[in-house]
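What follows is chain A paired twice: with chain B in the first complex and chain C in the second.
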Partner chain A sequence: MTGATIDHLVSVTVFLAAIVLFIGLFNQTVQTAIIYQQHRYLASRCSDILDTILLSPGYPINWGKTDTYPTSFGLQDPEFTQYRISPYSLMRLQSVTGTPITYPKTGLTYSNITMGFGNFLLVPYTKAINYSAATKLLGVNNTLGFQLTVTPIITVTITETHASNPLTASVKVYGLGFPLSNATISYCFLKVKASQGNTPLYSSAFGTIFADDEGEATVSFQNVASDESYVLIAYAHLQGLVGIGYHERVTSTKRYVLPLIDSFAQRRVILAHSYDVHYGGPPESAVFFNATFVLLTEDFTLREMPMENSTGKIGKVNYGNGQPYANLTIPTYNPGILIVTYKSNNEDGIVLMPWGMSTMAFPVTFGDRLTDKEWIVTSIRQILVNGIAYQAKLALWSFKGYSVVG
Partner chain B sequence: MPHITIEYTIMVPLLILQIFLFPLAAGLLMNIWVDSRRALALQDSASHLGSTVQQLYFSLNHETIGNGTRITNNPGVPPLIEDHYFTATSAIRAVSALPNSTKILALTLALTGTQNKVTLSVILGPNAQWQNSTYMSNSTHAAVSAQKFNGAILLRFGE
Partner chain C sequence: MMRTIEILLVIMIITGAFTIAAFFAVLPSPRQVSPLNLRRLALTTLQTLDGDYSMSTTVFKPIGDSSWASLQIALSASLPPNIVYNFSVYEVQSNGKLFNPIKSMSNARDLGVGSDSASYLTASSNVSFSSTPQKIGESGGGSTLYILNCSDANGWWITGYTAQKLAGDLRMLLSPYFQATIMVQNTTQLGLLLNGTKITSSPYEKVASAVLINTFGETVPIPSGYYLTQGAQDSYAKYCYLLGQRVRQYNWTWASIVGWPLYYVSNTVALSGSQNGWGIYGMVMVGSPGLQSFLRGLDNQAYAYGNSQTGSPGVVYLSSVAKYYSDYYGIFPSTYSTATRALSTSILGTYHLSVSTYIFDQTGNWIAGAVYRHAGTGAFLSLGLARTPDVRLTAVGLLSDYKPRLYRSEYTAAGTSRLVVLQLGQVGGA
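On to the complex of A and B.
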């Protein structure tokens, strides 16, 4: 009877093993389905939250042009409908990418978006909306985390091809992987002129050129020496697609003027000596400046807007204690570019600051960092920021990992 | 033959136990499966309903839209989930005590005749208002409507 006993033992064991295996597999299938659905649910929330951010101006509706904190968060331009975003609300988002800087003379830390030397957007933390506040205003704190990225779609690249007499530059206009053939390109050329005095003087030129089939165009300027500083801003458009690019050449990056936003409500900008921020050593040397403002007009051209002397457009700043910073008032709420020419010890240069995020096609990354997150969903919208084509992408995750709650 | 007796004494009850245990386990697992499936379908409907409410709000929330404008939308969610209809109720709250803060509409969907219930939060602006109402998925008047009054947007279920 030993055979029958072994038969029984084997069959019972196999039977039990089969049941355990079946339960395990079934459970796994159910869990997979639930997790899949939770991911779908999170994707749906991602789309809804992105719409909340992009289709609502927040409250007050013009909070981007004030120094107050909104009580409801949204980025839509209140003057428009659909996916048109306020360039000023975007400016007030605390950037997650740039290294913040501290300016001892105001005692403030500044959110930093710097796109290469001379292209700065520095907004004090006291005026910028931080991620924590945004999650609370959206009602998703402690449940969901996000990162919002707003990047320009059209890339306008300017390359200097000949340094002087004539100065020649190549302008290339590209979309997402394709050239903007026959695009119209309006440009603004501003050159720091050689002068005997301390205050830098400049001359400007405006014009329009057309891109070829490859999306490229060439522009040249006479009477530009190889040791002269200049900036070339190009504003390209083709059937509703609009992009912007810029290129600067400066003779000195040692001492320069740094523009810091002081007040959105009063359109006031602080001009600081770079040594005060980057802690340069002696010798001290004053930096003299002369500022101007270039508007992006509705007919896709660039136009210089005269600034009165009372706005603080001309002055000097120095380094160290007892040397106050300068104040400058931007004359308008129309988006444009603040151009500050500077001169110190016969070296000169130009720095730019966007007034309205889109005017220099600056990207924005706002929110938490994406590292170490368990599961991230993304949603994308094509948007316009003051007419400039951008793409907004929201990355969203749940603090509960897979176990998403509503 | 004592070992045969012992073998039958142990093995036969065990096998008989298996006869009951297997259907019991299978039934339990099937209940979990059916419950999960219904919860997933209900969650899907909740997401859809929430998005509809939000889109209606955004459509009216602009100064170019005049007071008194009213829109109604059939959200297109299925009337029945596995032969059960569901109901949706909602409550609105502000996310903070600050005046004019964002409002959260908490949607609760319950599948009738079952224990299945899901919740969803919809983010709306400070001028959103909610009128107490119930959405019945199998009703011929199953819809979401929004109306603008003095800058505020009143949302509710029903035509």
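On to the complex of A and C.
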């Protein structure tokens, strides 16, 4: 009797222990399967959300060219179908990478995309779409987080190889995984001319060169002294792939003109004295400027679009109280590059601002930061932004959190 | 003891079940859990390569053509380094074998652990053409259309556009109706043209009886040399007179797309130090005498300096003729516009002109848009509208005046479609 009781107790104990153990093991397997399904779902959502963003213009459809907030979020160019993205909607995305700047004279903070000295895109937060608003418009707030990165496929790198007479520059054209051999490169060369007056004068030259098998080409310019400021802008294209690069040399980076977007609807840009933004130290001189606008035509050549005096293309800015900023009106909604030559105390230089994100191949990173996220899925599309080839990558994650039990 | 043995047997059975379940329930690799959507990447890559129809053009080229190599370079450059591809082109056939392979190119021996593909149908440039336009002046060998696209001149009253952009749009609209369409790329070529010299080697180019469209708005490009020196009199009003003479001499039709015709002259090199009073350099204001001088030249009157006149009748409406031909040619500008530079009806008698086509209905004594023909030779299209220009009105005006016919046809030739398949694979990683 006693033996039967012991047998009973041992068997029940072992059985219960085994059941607990197996429940745990099976639970882990089930958890694994659930996580697998959730990750699959997240990958599917990532692809869908990226398509939603890229294949819808949002509402109103031309919100990129206005100062209003959209009531539906999308980046497609309303004048096209498929994966063609509005260069103006991209401009209105609040960048997550650049350090925002504040301009006391407007009292506004500006989203900052700066690609080296002289290449600025500064959009006021009041006109830029922030991440929080975008998640609400996409219907994913509090459930999913994302980061959208739009980067150019073609990289055009310009390097100065000889400083003067002739000024020589090397242009290298690369894709994501291969040089763009035999690409056609059209360029715009703009030089600040020596002048007696305050207003900077400039001369421009346009031309076309061809890359070799390594994707490289050389261009040279006569009558350029080593102490003269210039900018060289180059568009490379081959079989539908178009990329852009630029290189500036300036004689003064101490005082310069900073272009700040004021209104997309009015195409108005504020030109500010750099000291008002960067607080550069002891008092400095006023900066005189002379602006022009260059656009890429359908035959892939660059053309200068003259600006009337009434646009505010010529003027002077100073810093401090009682010194108003200058206003400049961009003459067109065709994407192009605003080129502002400046001069102060016999030092001069050039700053550029894209009008339409693609014209200077600026990248955009919009959304939340990727740090401390547990499982991130990505999806990629090749897109065209005003004819310039870009790659759009969406990184997506869930706020639910997945941890394996056991 | 038996119960313990039974329990052990149960445990063995459950262990066996768990082992079997665990064998099948393996967590896949990250690539399989959240795979890159290669199908979409392939499709968007094909769309990018065909963004300006380059790929569609290339896939119909002969196999040995160099553009195939360019296409492969572009394809390799557009894909990330860890993506391998197989790019194939097939001819779509209507009977027998449906897809006939034309060419295939790849950058790897195999496509890695997983691949996906997208297809893209391209059509040759002549597959969707359903109407054949009659060429203007066909009976006389065909007319030539010259569009001023001078890189060394600036425009005025074309706010928001460049002359080059307008020239491109006009070429797309009008080139099917002319035997030859030639872009006048600089003022030097314009000078040659004014001297009656052909500027291309095209056998179809004919200087006589051509149509010249000035895309520079109220500005007209001026060539260096003879025209700059001889035309400088009276702030270049004399140049406008010489232009009028050439229009009469060569029986041209001169088209002014917007504003007050010939109000400025421009040459960014020769006149680089001059500005038009509004900050645009390379331009000189002729003022209202420009139009008067042009019309005197067209009428073969002696040169005399004097003002011309335009009016602002306000809102004007497309004429019934323009509306009809707007439908016929499928070009649809707005049916009304604002005219601030309409020409006076008085020029008809003074310069022996007659209106061959009204683009806008006449309003009082003002004609906002019309084609004027001289009693002798030469014609003049003027659209005295407020800026910004709408080149569709110029196209409708010219086509309404020349009335080339459209021969509808259905194109059913074989071999006009090709299927492009891009298969992508991922290499490296888990």
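Here is the rule we use: the second predicted complex is superposed on the first by the 382 of 406 C-alpha atoms of A that agree within 3 Å, B and C clash if a C-alpha of one lies under 4 Å from a C-alpha of the other, contacts with A are read in each partner's own complex, and residues count from 1 in each chain.
To be clear about the criterion, a residue touches a chain if its C-beta (ideal position, glycine included) is under 8 Å from a C-beta of that chain, and two chains touch if they have at least 3 such contacts.
Just so you know, these numbers come straight off a predicted model, no measurement behind them.
**Student:** Tell me which partner A:His39 touches in the superposition: chain B (first), chain C (second), both or neither.
**Tutor:** Touch partner of A:His39: chain C, not chain B.
**Student:** Contact-wise, after the overlay, does A:Ser56 reach chain B, chain C, both or neither (first, second, both, neither)?
**Tutor:** Only chain B is touched by A:Ser56; chain C is not.
**Student:** Once the shared chain is lined up, is A:Ile101 touching chain B (first), chain C (second), both, or neither of them?
**Tutor:** In the superposition, A:Ile101 touches no partner, neither chain B nor chain C.
**Student:** I'd like to know which partner A:His8 touches here: chain B for first, chain C for second, both or neither.
**Tutor:** So A:His8 meets both chain B and chain C here.
**Student:** A:Ala395 in the overlay: touching chain B, chain C, both, or neither? Say first, second, both or neither.
**Tutor:** Neither: A:Ala395 stays clear of chain B and chain C.
**Student:** Considering only touches as defined above, state whether A:Ala326 meets chain B (first), chain C (second), both or neither.
**Tutor:** A:Ala326: touches no partner chain.
**Student:** On chain A, which partner's contacts cover more residues, chain B's or chain C's?
**Tutor:** Counted on chain A, the partner with more touching residues turns out to be C.
**Student:** Please indicate which partner A:Leu138 is in contact with in the superposed arrangement: first for chain B, second for chain C, both, or neither.
**Tutor:** It touches chain B, and chain C stays clear.
**Student:** Now for A:Gly74: first (chain B), second (chain C), both, or neither, which partner does it touch?
**Tutor:** first
**Student:** Is there a shared patch on chain A that both chain B and chain C touch, and which residues make it up?
**Tutor:** Overlap of chain B and chain C footprints on chain A: residues 8, 15, 26, 33, 40, 47, 51.
**Student:** Can you check the complex and tell me which residues of chain C touch chain A?
**Tutor:** Those in contact with chain A are residues 1-4, 6-8, 10-11, 14-15, 18, 21-22, 25, 27-28, 33-37, 40-41, 44-45, 47-55, 58, 67, 70-71, 73-74, 76-81, 83, 151, 154, 159-162, 164-165, 168, 278-282.
**Student:** Per the contact definition, I'd like the list of chain A residues that touch chain B in the complex.
**Tutor:** Result: residues 1, 4-5, 8, 12, 15-16, 19, 23, 26-27, 30, 33-34, 37, 40-41, 44-45, 47-49, 51-52, 55-56, 58-60, 71-74, 78, 81, 136-140, 406 of chain A touch chain B.
**Student:** Enumerate the contact residues on chain B facing chain A in the complex.
**Tutor:** Within the complex, chain B contacts chain A at residues 1, 3-4, 7, 11, 14-15, 18, 21-22, 25, 29, 32-33, 36-37, 40, 43-44, 46-48, 50-51, 54-55, 58, 61-64, 95-96, 98-102, 104, 118-126.
**Student:** What does chain A use to touch chain C in their complex?
**Tutor:** It comes out as residues 3, 7-8, 10-11, 14-15, 18, 22, 25-26, 29, 32-33, 35-36, 39-40, 42-43, 46-47, 51, 82-84, 153-154, 174-182, 206, 238-241, 295, 297-299, 303, 305-310, 313-314, 331-334, 375, 377-384, 387, 389.
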